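Shared between the two complexes below is subunit A, which has subunit B as its partner in the first and subunit C in the second.
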Partner chain A sequence: MLALVRQRAGLATGIGIVAALVIALFVAGEERALVIGVYTGSAYGLVALGLVLIYKSSGVFNFAAGEFGGVALCTLYLLHSEGIPYGFAVVGGLVAAMVLGLLTEQIVVRPLFEAPRVTLLVATAGVALLAIAIQIWFFDSQGRPIAKAFPTTDRVTVLSVQISDQRLWLIGTVLVLAVVLGLFFTRTNLGLAIIGASQEPTATELVGISVRRLSTFTWVLAALLGGLAAVIAIPDGGSFTPGVMTSGYLIPAFTAAVLGGMTSLPGAFVGGVLVGIVQSFATNASIFQDGGALDIPGTPSTLLVFIVLLVVLVIRPQGLLGRSS
Partner chain B sequence: MTELLTRPAAAQDRPARFRPSAAGWLLRLVVWAAIAYLVLIVPLGRPALELQDFARAACYAIVAISLNVLLGYVGQISLGHAAFVGIGAFMSAYMVTVQGQAFWIGVLAAAAIGGAQALVLGGVSLRIRGLYFALVTLSYGLVAGDNIFQIESFTGGGAGQQAPKPQGFESEWRYYYLCLAFLAIVLYVDWRMMRTKSGRALLALRENPRVASTFGINVRMATLFAFVVSGVFAGLAGALLAHNDLSVSATTWNFNLSLVFVIMTVVGGLRSRPGLVIGGAFFALTPYIIEKIPGFDDLLVKIPAPFDLTPETARLVIGPLLLLITLIQFPGGIGQQIRPITRWLAGHRFDIHDKGPKEVQITDVRA
Partner chain C sequence: MTLRRPLLLLVALTLVAAACGQKAGVAGTGGEGGGDATAPVVTAGPPVTAPSVGTTPPDGSTPPGTGSTAPTGSGPASTEPQVPATTAPPAAVYEPGDDDTVGVTDDEIVIGIHAPVTGASPIPQTSFDIGKDIYWQFLAENAPDQLFGRAVRVVFHDDEFNPQRAVQVCREMVEEDGAFLLVGAGGADQITACAQYADEQGIPYLSACVNQEDLADLSTYFATSLTYAEQAPLMLDQVAELGVTEIGLVVSDTPSFNDAFEAIRAAAEEAGITIAYDTRINKTAAEAEQLSVVQELKDAGVEVVILLSSPLVFIGLANQGVNQGFTPTWLGPGVTSGLNAVTNFGCPGVDTGLFFNPTPQLDVIDELDPDFRAAYEQFGGGDPADDIGLGLWALNKALGLMLAQTGEELGRAAFMNTLVSTAGFDNGIYSPLGFTADDHFGGTGAHLLDANCEQKMYTTAAQFVEVG
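This part shows the complex of A and B:
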């Protein structure tokens, strides 16, 4: 019995933390944070899925993950404002994201295949910056309104928080994708090939699998995930600004991925929800506001997320659900 | 016969060290003089506002050198360097304006706090490997912007803090010379540091930490040492920047600026001091350059909308483009490209094929 618990230590810790968190929130009267955290965290989780995917297959921290989504949003806005129906505009946006993923893989990742991972990190950051710059070039840096896909705002009300259709779709998509991708990597030949290529590229080539094609596939898939994240999550707020995905979503997504374990896809979702809850709690809880007991200057959520990141990295570097390498 | 085997290598066996001819020395001197003229004399004829830009260029060069210690010597990346520089800036402004201390105390305090926060951050992150460390620095940069810079008593809140120029250096050209002097000091310290045992330990560390530790190099101490040096330089640059702009505000020191710092260090060229100075100066002066190139403005306007570029947007686009080109095609940055010239200026033969020491690319262990 003890052996079973030790084996599943990560899961047990995760459940323990979640339970403690839920109880603490109810006690503090902040149970709304739970609900808000779930759907904001789902957005982080969706971006985190793309991050974990790239990390599992190439060991890279992909800083362009946010802008894969940003490009999708931009294209969605462009097409929609030209009169194209919303559904086709969404598809167009996703295609644009995949194209960016393809370009990034061909132009930036391939030449730097053997380079240190830090170099690739900087290179993907460069791609993100370039994408933002191009958006600002064409649009200037103003915010633009963007319509929701599903206008119903009051589908469900949980713990006095309104959950719109859009949010339900967000949560649902992330859940489904996390499970599907998890199964993909453990049960399908393609998924196993990707893992194998990341660990032993030479051996994989010897068996007749093209590592290059796998790399292209992975990056395009990750770009699709990023695009989905942006297209579902951002319209909820009603408008978008160039760079919003990177400034608002990338860091929490990275924290979520680290929290869940950089190699665990379900972990990305769990991590995302946890980060969402922490953020929501930090933003709304009265003890952090001016005059409260723990008055934190400025934006409390930034500091709290930073502390969470540090604590996880120092105490449990492999994250809640990851395997220690 | 045995004589041949036991005789130690005589001086005539080694190839003679290259010494430039008299004409060679003269030519090098002329070029050095031209550079000195360009850097020291020409700016004096420009309006005061431009001198502010030049002083900023010198400060950015210091930041590039600071970031190079981490990125080029140790191989760790800091994506929150704007926080280090910004806290130095606020510290100096605080000491001078709120505490009423002299400028030099402010600079000292800024350098000290730069080193101190680097020490704390480095100490905490010693157990954290490469890529994760980048995340920590990034997150720290955000915390600095969102939390630390919002502490009203320290930073003056939304209005920012005043930072008057020091006595005796009020005029722009004197302050420019002051910044140049600090840049020279930083360059010298950096050069000396890399010639010491600790400096060489750092380079060994970057190549392969495990092998380095088998040679008895204390990996942790060497990394911490590098951090502190990097932080001290950054704090110093922050102080100089604060007094250059005459006020400090929180919005300047954001994530975007951290990325600009990384870009200018990489594009300038890691481990190449001339390259770093040029990289820093170039990125500080980009809007200046764009405006000053005759006809560039008209060219930009002639491009039909929505493709038209403002100088601001052009700067936003050029930076990452240069970064990508550097990383993919010219990893040594500007420094590597001008290496034949810089080596020549240092008294060596002009060798157009000189690409610097061959970098041993060791694919590091995944973080």
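This part shows the complex of A and C:
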């Protein structure tokens, strides 16, 4: 009972921090940062979902998460430019991401199954670098234009921020996935088996569950999430360059995952939105501008994101929605 | 002879002063360049023009905009070095050091070039690989004696849009490849870092337009086009031409752009144009930052935004603008934002882009230098001529003039003495370049490029736009 109260108190602390941030933004007249935070942070949140999934199931920080999306994006581009209808090209991109996830698990993760987690971390970084190199091989490091699935750019306008159909698709997808995956890991046998395999692999094998098959399933699912993030979020910007998912999204997604709690799927979404809000606030708040009280040269948004991360981890080491082990 | 020489000197100094020393709206130009405040007065020779080594323009006309010093491109290949006979001996501003002739042999000169092929600019590596040598191959074929029997070998490295990496590759090019001089093809921070390294080593370093603040004190640095700050009056003139009185100003938050940021603000004030919103944007701005800036610009209601950033940030801002129903004219200086590669994947957002560039675009190059496409056909291996190749061609052509003017006894000190003692170098593509011992920022004008998303390329909106 005491543990439950403690757990709820922790959750309340996390929610309190988010609420305080929202109030502070309204007081500072920067409420539009909330909209921009949701708008841009949903993409970080979707990549973060894949990171959390792998971490929950195997305790690995997956540095290849971004490039699962990168491969999906390149495949979408190649198929669509060959005249394949957009919907089929999207499916093709997602299949390519899942194949990369499968190959990563079979060729890289499985042989290192018993190795220290840090070895796997480095191995996934190697997968990311290889995937980027292959993209540059195909695209000569040049950017490419990429079409949107939905051309309407002003479906909804909130605080003068126009939200496109493509972005609504992204926000809807990440919200649904966060809830569905949350339920999957707490309400289904397969989800519970994955959690069990990550915590007690030997015991899981003893009750007749193949830990290796679960690992394959998890990596393919994580690759699908990375692929979804890329094929939905990137076309909204109209173009992409090789490695964009790693250079532009991986670090914010890691930050989002840690902010939300590395084991919380809804937390990944909340963390993503928080990163987006902080980046937006730091860009436009007058105190960070030329002559402001906190006129930080260089990159105030990056600095502020990491200050927020530090504060959250000091107050609540398990993240906003994570559970202490 | 006694009267002729001082007269020549007077004319040459007047030309240099007109070209370099009186650039309106430029803070801090001159005075500290050259590295040696007590440098002796230098004797300036006449301007050096591009020698005619190849084909004739289709109509035999004189290329526009280049005045009397433009190449005429007539006649067969020249076999004689095109060094003016009346050139005065360069004064000894620079003294030869121990490594003065590194990278120079009887039959070869090694030049090192670095550029951000990856990281911030959508620059195709293959364009660099092909384009870096075309001019030198063309010269070796058509005027083998212009560089006194020496061929030029170019080594190229990607600096990855990272100043530390830039210094590393510059060091490699000097120590391992034996580069005689170094060239920065783009990226202010990388150019600044590498130029500082080159200055420490006494190596000549040339680059296209960047910042002045950190480069003015470097004795071995030479700018081959207008700096960003020097282009401020050009941009404000363009704003006035567009009939706009309120603008936005977005500049990447790097110390290298501090002087340009202030110069643009000063030029706007002088021109009576209000800056309704200005900001320093993260050098690698994320989507949230880009969207936030676009929202502020939209709120300010500006129709023109002066932008100084990497092409990727430009494309991000422009496409965020389209998503938000905000399509201002994006006006700026810059080498890389005016590349066709930007329109290839930045359209439709970048359709309203206008950029000042040291070189014009491909649509007018046949008028200015018909040798360019001919050389690509001859040495390009079947690849079509592109604007990256044009940039490299123009740069190498200017370098060719400088090397030829230095003479057969080529060394780093002699080369730099030649730069500061020659009235000007006109390759017919750049606005004429002119350096003095006190002013190493040699650019005098630029070309204005206009993005065209229908053709997915930039076109030349104005040629040889001069400062002042």
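FYI, the second predicted complex is superposed on the first by the 315 of 325 C-alpha atoms of A that agree within 3 Å, B and C clash if a C-alpha of one lies under 4 Å from a C-alpha of the other, contacts with A are read in each partner's own complex, and residues count from 1 in each chain.
By our rule, contacts are C-beta pairs under 8 Å (C-beta built on N, C-alpha and C of every residue); 3 or more make two chains touch, one makes a residue touch a chain.
Just so it is clear, the structure is predicted and the values come from calculations on it, not from any experiment.
Enquirer: Clash or fit: how do subunit B and subunit C relate after the overlay on subunit A?
Expert: clash
Enquirer: In the overlaid three-chain picture, which partner chain does A:Thr186 touch, first (subunit B) or second (subunit C), both, or neither?
Expert: Touch partners of A:Thr186: none, neither subunit B nor subunit C.
Enquirer: When the two structures are overlaid on chain A, which partner does A:Phe254 contact: first (subunit B), second (subunit C), both, or neither?
Expert: Touch partner of A:Phe254: subunit B, not subunit C.
Enquirer: Using the touch definition from the top, say if A:Ile36 reaches subunit B (first), subunit C (second), both or neither.
Expert: second
Enquirer: Name the contact category of A:Ile136: first (subunit B only), second (subunit C only), both, or neither.
Expert: In the superposition, A:Ile136 touches subunit B and subunit C alike.
Enquirer: First (subunit B), second (subunit C), both or neither: which does A:Thr302 touch?
Expert: Once the two structures are laid over each other on A, A:Thr302 reaches both partners.
Enquirer: Considering only the touch criterion stated at the top, classify A:Gln279 as touching first (subunit B), second (subunit C), both, or neither.
Expert: A:Gln279 contacts subunit C only, not subunit B.
Enquirer: After superposing on chain A, check 116-124, 206-214 or 242-250 and name the one in subunit B that bumps into subunit C.
Expert: The overlap with subunit C comes from subunit B residues 242-250.
Enquirer: Show which residues of subunit A both subunit B and subunit C reach, each in its own complex.
Expert: 136, 247, 297-300, 302
Enquirer: Can you list the subunit B residues touching subunit A in their complex?
Expert: For this pair, the touching residues of subunit B are 71, 75-77, 79, 124, 127-128, 130-132, 134-136, 138-140, 142-143, 145-152, 255, 259, 262-263, 266, 306-307, 309, 313, 316-317, 319-321, 323-324, 327-328, 361-364, 366-367.
Enquirer: Please give the residue numbers of subunit A that touch subunit C in the complex, ascending.
Expert: That would be residues 32-33, 36-37, 39-41, 43, 136, 140-145, 153-154, 160-162, 164, 236-239, 241, 247-248, 252, 275-277, 279-280, 282-284, 289-290, 297-302 of subunit A.
Enquirer: Give every residue of subunit A touching subunit B within the complex, in rising order.
Expert: Against subunit B, the touching part of subunit A is residues 59, 61, 107-108, 111-112, 114-119, 121-123, 125-127, 129-130, 132-134, 136-139, 247, 251, 254-255, 258, 296-300, 302-303, 305-306, 309-310, 313-314, 317, 325.
Enquirer: So in the complex, which bits of subunit C are touching subunit A?
Expert: 117-118, 122-126, 253-255, 278-289, 291-293, 295-296, 298-299, 312, 315-316, 319-320, 322-325, 341, 344-349
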